[in-house]
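The structure appears below as structure tokens.
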């Protein structure tokens, strides 16, 4: 799947997040995804909530697996770890740079760095393991 | 802080999640929190999304730290890990059983099991590390 | 497999750790394992090294999976997370209390609390995911 | 500290691992460390054990923190996560490519990719959080 197909897939299959996530770049085993930060992602103090950052990392790994395998069965997250390292800037989108480290028959493993606006110091890192459904 | 004070704190400080999380039980270093599952937590297929389960685990550790230390500075998540083990049942609330394993001067560590409705097999487990702000 | 069979299996299959790990208790989906702490587990300052604590947690999950499934194919660790919360006491054995939270067809997930001697405050917690080889 | 000073520090402070770990490259916020794989790192089947891979990742983050801050107080691991993705080749050294993502006043976060010999597909990934002792 290419960027247009992936963006269409997201809009169609996840209507509740329409406009929230945009795929900016897509390559062999990697993806860059942008999250439009709005009021509902914020915590007191104006910072982006942890669950919102988790959602961005999670969807990024999901989408790059989807791009590599095609929309057959739906992969599901089995394990994840995240470190929250810096406070995202208020009023800035979040950008996830994601790379698949493994795309096996049963499991896929991706790592993600999350950036706030144009700051090149990551606000968070994540690793996610997805279970790939058996071929039918 | 007791249950009523904590529930009031959540309603006042996190108006965007009012009605979403309810503290059901609170003890020394432990808490039980319920998440009312609604349409916006769901993924295609009727299952509860990973970020929603993450949010429940995260808020549970946050609240038990708050209950133990009082509402002075705001603790922030620094590290987390989660395993997603079973598909939550459709139309069931999620319940988090959370225990603080450490409440140090600088870091607090909590572990969480998340259950779907009355099923006694956990749908997810989480561990969360919070950084505690220095006294001022 | 029962305790004697498991202890024999460890002695036979892992001769390099003979005498290091002892299974103290074994039940449905749970195990208690003891690590005899010796000079080679120590770090400067007399504390037990992180990799040694990791090894105890890892072997505990491995053994309870083995006890439940029998010695067919060898399960392998795919993901792990650990939090190190307190400094183990010098000259004390480490004890791992391990519970399987999931024993699926493809993946098993265990959680472990590690204690130092008789202190009831855990020195570390771990969660481990094992991949179970397909039946042949 | 430069490479020679770091290698000397390891030999002096960790005599039990002398010859096991060698620093191959050191830069701003990054390090490459080699582990000489010997009989005692192996598991049945000839593969390198998980605790040995953990030890390599852990020491790599420790050393780059040390190189950046100097040998004052000793940093300690507080949290870690690892994914084991491929079986290391028998008879090959392991190489860790490690990068510090954060070096704060209280916490440092590093990420590590572990390679087996010259294969450019990582056998494991790790993230490690170290607690930095307060200045005295």
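To keep things simple, chains are lettered A, B, C and D as they appear, and every chain counts its residues starting from 1.
Quick note on the criterion: a residue touches a chain if its C-beta (ideal position, glycine included) is under 8 Å from a C-beta of that chain, and two chains touch if they have at least 3 such contacts.
Fair warning: this is a prediction, and the values are worked out from it, not measured in the lab.
> Provide the labels of all chains in contact with subunit B and in contact with subunit C.
Of all the chains present, those in contact with both subunit B and subunit C are A, D.
> How would you label the subunit C and subunit D contact, same or different, if same means the shared numbers make up over half of all numbers there?
Same, since most residue numbers here occur in both copies.
> Counting only Cα atoms for the centres, state how far subunit A is from subunit D in Å.
28
> Using mean C-alpha positions as chain centres, tell me how far subunit A is from subunit B in Å, no decimals.
Computed from C-alpha means, the inter-chain centre distance equals 22 Å.
> Please compute the C-alpha centroid of subunit B, do the same for subunit D, then give the distance between them in whole Å.
Taking the average C-alpha coordinate of subunit B and of subunit D, the gap between them is 33 Å.
> Mind pulling the subunit B residues that touch 2 or more other chains?
78-79, 81, 83, 85, 129
> Using the touch definition from the top, list the residues of subunit D that touch subunit A in their complex.
Residue positions touching the partner: 79, 81, 83, 85-86, 101-102, 104, 109, 111, 113, 121-122, 125, 127, 129.
> If we count contacts the way the header does, which residues on subunit C are in touch with subunit D in the complex?
The contact residues of subunit C facing subunit D are 13-14, 16, 39-40, 42-45, 49-52, 54-55, 58, 74, 76-85.
> For subunit B, which residues count as touching subunit D in their complex?
78-79, 81, 106-107, 129, 131
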